[in-house]
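My questions all concern the structure below.
A, B, C and D label the chains in the order they appear, each numbered from 1.
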Amino acid sequence: MADDTKSRTAHLDLDTPESQIETYMHRRAAPAREEETYLDANELVLNMGPQHPSTHGVLRVILKLDGEKVLGTECIIGYLHRGVEKIAENRTYTMFNPYVDRMDYVAAVSNGLGYCEAVEKLLNIEAPPRAQYIRVILAELNRLASHMLWLGTHALDIGAITPLFYTFRDREEILKIFEKYCGARLTTHAFRIGGCQYETYEGFEQDVIKFCKFVRPKIDEYETLLTTNRIWVERTRGVGVISAADAIDFGVTGPVLRASGVKWDLRKAQPYAAYKNFEFDIPIGQNGDTYDRYIVRIAEMHQSLRIIEQAVGAIPEGPIMGKVPKVMKPPVGEIYHSIEAPKGELGYFIVSDGSTQPYRVRVRPPSFVNLQALDKMVRGALVADVVAVIGTIDIVLGEVDR
Amino acid sequence: MQQFLNYLNSTQTPGETGNFAWATIYILIIFGGISVAVIAMNWLERKVLAHMQVRLGPMRVGPHGLLQPIADALKLLIKEDIMPAEADRLMFWMAPVIVVITAFTVFIVIPFGPTHAVTDMNIGVLFMLGVSSLGVLGIIMAGWASNSHYPLLGALRSSSQMVSYEIAMGMAVISAILMTTLTADGAGTLSMIQIVQAQDKQQMWFLFRMFPFGFLAFFIFAIAMVAETNRAPFDLPEAESELVAGFHTEYSGFRWSLFFLAEYAAMLAVSSIAVTLWMGGWMRPFSHWLAGDTWDAFFSFFPAATFFLLFVVALAGTVRMPKHAAFKIQKAGLGAFALVLGGIGVLLLIPPVKDRIQDIYWFVAKVSVFMYAYIWYRGTFPRYRFDQLMKLGWKVMIPVGIAVLIVVAAAPAFNFVW
Amino acid sequence: MTFKELTRKVLLLDLLQGLALTFRYQNPKEIYTEQYPLQRPRVAERYRGAPRLGVNAETNETLCIACDLCALACPEHLIVVTSERNPNTRRKELTTFTYDLSRCMFCGLCEDACPTDCLELTQDFELASYSREGMIWDRTTLERGPQPTKYER
Amino acid sequence: MANDNPQDKDHLNPHPEKPGEAQRTGQSDPTLEQWTGATSAPQPAPPAGQPPAEASPSLPASDKKAGATPLKPEEAATPKPAAQGHAAPAKPAGPAIQPWSGEIVERLQARFGSGIRGANTYLGQNYFVVDPSVAYQVLALMHDEEEFDYLVDVTAVHYPDREQPFEVVWILYSFSRNQRVRVKASYGENQAAPSVVSLWVTANWLEREVFDMFGVRFDGHPDMRRILLPEEWQGHPLRKDYGIIQQDQQWVKINLGIESGQ
């Protein structure tokens, strides 16, 4: 079995003895001789992060370089570990709800949606249709917001500083809708177990439709700046390639998987909330490179707008809160429920012991799993590509570390 | 004293006449002017970039952030001077000095007018190319002396980038120099002043000479000069998202500000060279097409008009400022600034000043177009990757440069000149 | 590569389009920045900001019935309610109410739990404080809102 | 502090005066049955054709087949809330663990016999409980022959009162079948679970995280180090016996040299 491991994971540089890994973690020790400096090594070990402009938070990547060529990487994560899963064990089901917003804080609504649906499943109830439509609209708006933030920061990593401001400006409109709907912009806590806490405000539909009309030309503007720009194309095409088979092997999900050509989206494969009522396409790429991931996400933004427009026109009347017990005590059992978060498959594995507090909540974070493929994607590339690939995986360290 | 002032009517540069006093004055004026230009450029870059990015830019220090660069300069001066413990102290200290010296030395040969240069060397272009490429030494020293990985990578990138683009730049420059031989007397020159005069004699900027080859050469130079000065989209040596700050990662405070100063001075220098070689230097636009006293008089009002325009803009800004107690001082400041601009405008209407300022005005105006372009590129383009930059340099720029050079060199031999 | 693409590439149309876009955006009308202290953001009606304990407008009596539901709903356990039973009316009356804003994540669960609509999260969003102690609001602060120190020269 | 008084958790309902509440307070709600009926339907298009987990009155714990039924003994010690009158009507019709019969189950049972301790469906989700000794073979078979090509997650649950306290859960997904299956196996304190990095590369970090959080070692893992917590961390936080407050006090004392305020 060990041999098997070696062959299948040869690209991971797992053969490096542990002692050696230690050495490049602790290279900060003073050199042995006075005339010897850190630069005397044949391989350059570059410590990128945790305070680096483009590691999107506190990711630390140790790069082993030959000149500028990357020989291997090692991710050191956990700087933002807050023990969300442990917190869950000490909170009731309702009380844990706001915490999930803090994992992937740029897609808080999706996190909340996944959690609420998982607990609802465990309680064997379902949110009323109206609540489900509201959930879909907000989740898709959140997907747009997340993709916009991704696009801005990704472009910034590649050196285009301007798209960042355009995307943030347009994301602001989404946040305004969130603020009007539930009173918070980022960590929304928009949904409750069993439905939604808040009824739509007056003018919600108009706001959303207005936003859709507003944002379409803006997405075209991002494309004007980037899609055909030769520098952008050169920087992204053929960079960080991951094949479909590798992507599946690495458990990569979301746009990264779809860019490799796997047409798989949980919204279609196992529809949750009200997604089965809407028509939309799953954009896929062919090459699985950074450019394809960019194209896929841009296309997803258009598809999200499509879903939002369909949903907003068809919000059914009715209650927004299902019949939930006042004291939430799901029967003994366990459930795994996953949704298609902007970053990939976001799953919640909840074990109930019949009390008011979950016995165990496991979050399957898409960023964490996707980040694992970084090494595969950047090996043999240049330092600048590492930055581009970290950007294109679209990680949020709050979710990676939880 | 009379003799001293008589120089004002001289037709030669102080360097040529050996007028040491005036040379010193010129150097001081250029040094001061560049420093002011860098400060202005700093503010403009922030403002223009901000507006491209739907932001406001600095607004708090002074009206519309006009005093922001000064505040920043002060902050940099009083910052703690940090030198990494394992840095090579001498090299670390020398690196910014070398970079600044080389960046400023180039200005010796740059002609702001037929007489407005410190000196007119007969090898002006060669001197310029030689000195400006020395700047890379300082960058390598900075990268090496920091004894750190990011600066080292930045320095290595910088050196290879500069060396590669120097060649393309040289090709473009040589084709411009070859064009100076197209004048009636057939004599070529390397002197910056005579290059402009050659354009005058040929009644055409070299930009349009042998179209499109003059333009192509200019285009290659325009790209290479962005790469030479390490600016976006070729800012790999200091690529923020990759190498943190590249070769000056370990620098802070005043030393860092020297790098900053040198970068902007270098930008001004290469833009000045481009203007001199291809855009007719101090010549006003359409100097031959729209010739005649009337047109001369018309164009001579441009300097004053520019300042009046700025005056109006500043005044409008003053009027549009919110009526709020917090804005009292800012309003007064901006109003005063507007008045100063207006005053300069009036001053430029006085005949002797008006006549003497023409050359400098047109030169500066042309350079500022380049400066704007620098900011504009930065606001629009992503950054090249290192190998792509090299590919562009070696596989596109240099072959095209050589092709242009061959055409420009060969065409006159067949008496085929347009 | 089609002829059209080739022309685009040679004439740098892709780059020029981008340049045109950024050039157009220099129009000052496009500026999105708000200058915060002077331009106040308009927060939404449902905004969850500073907590506040409601009082009866006429009698100035607190609406709080000291039921402790908010304290129990709070995921961070940052609300402490103490009460004592009034011997005359046999009702619990609120004595102290502390709310630790520094730990609050503004989830709104306390607001939802309140049966009398007494505790609510208001639209006040300026909650900075010079000290950690300043972040712990007592009953007076919660009822009257924070009283910022006014510095005058 | 959180779990000291379960009686008072009844306020955790949304605000009574918010919209939608009028519907909710009505005791007989015809739509409820509708919704619950919809929920208990199986996952969309499971090709293996499991029976839908219908609402049945049998209690979950009564299913003896589930050798690893998640009822944990300490739950009995938890004080039952006394005043539950208001919550009683809303109690959902208890979904039950149903035996799961399908082709995969048959094939696996044929291959491993008693190694497969149980194959069940709960709320439309299928899972195997397997003997720890055959876990790797089962997973390898799932990967190689049953086309479960995507390992969604590896995680664990700690049941301190059990003989083998660590229940490791592998969540598998098959793209071709559009089906999710969980495989569970329990391991003892010093027992190592098999690593599946050789089957799915993605297991690498996931297993490291389980090791980090639970201290469950994975045999054959190429790089069994902590991942989220620093190397020198003491203890494994997601174990039930891990004292958060003690740990925090200790850490603050050692690293900051002050008393923590906890």
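Keep this in mind: a contact is a pair of C-beta atoms (placed from the backbone, for glycine too) under 8 Å apart; a residue touches a chain by one contact, two chains touch by 3 or more.
Values in this document were obtained by computation on a predicted structure and should not be read as measured data.
Set against the C-alpha centre of chain B, every other chain centre is closer than that of D.
Comparing chain C-alpha centroids with the centroid of the full set of protein C-alpha atoms picks out A as the closest.
Centroids of chain A and chain D (each the mean of its C-alpha atoms) stand 23 Å apart. With centres defined as mean CA coordinates, chain C is found 49 Å away from chain B. Chain A and chain B have centres, each the mean of its CA atoms, that are 44 Å apart.
Inter-chain centre distance (chain A to chain C, centres taken as mean C-alpha positions): 26 Å. Contact of a single residue of chain B with at least two other chains is seen at positions 52-55, 379-381.
Of all residues in chain A, those touching 2 or more other chains are 91, 94-95, 162, 165, 169, 197-198, 225, 229, 231, listed in ascending order. Contacts with at least two other chains are made by residues 2, 9, 11-12, 14-15, 18 of chain D.
Across the interface of their complex, chain B is touched by residues 15, 18-19, 21-23, 25-26, 28, 30-33, 35, 38 of chain C.
Taken in their complex, chain C has these residues touching chain A: 8-9, 14-15, 17-18, 21-22, 32, 43-48, 73-75, 105-109, 112, 121.
Listed in rising order, the residues of chain A touching chain D in the complex are 1-2, 4-6, 8-9, 12, 14, 18, 21, 77-78, 81, 83, 85-86, 89-92, 94-95, 120-128, 192, 195-199, 248-252, 262, 264, 269-271, 276, 318-329, 331-336, 338, 345, 347, 349, 351-357, 359-360, 362, 364, 368-369, 372, 401-402. Per the touch definition, chain A reaches chain B in the complex via residues 37-39, 44-47, 52-54, 68, 155-162, 164-166, 169, 225-226, 229, 231-232, 234-235, 382-387. Residues 91, 94-99, 102, 162, 165, 169, 172, 176, 179-184, 187, 189, 197-198, 201, 221, 224-225, 228-231 of chain A are the ones touching chain C in the complex.
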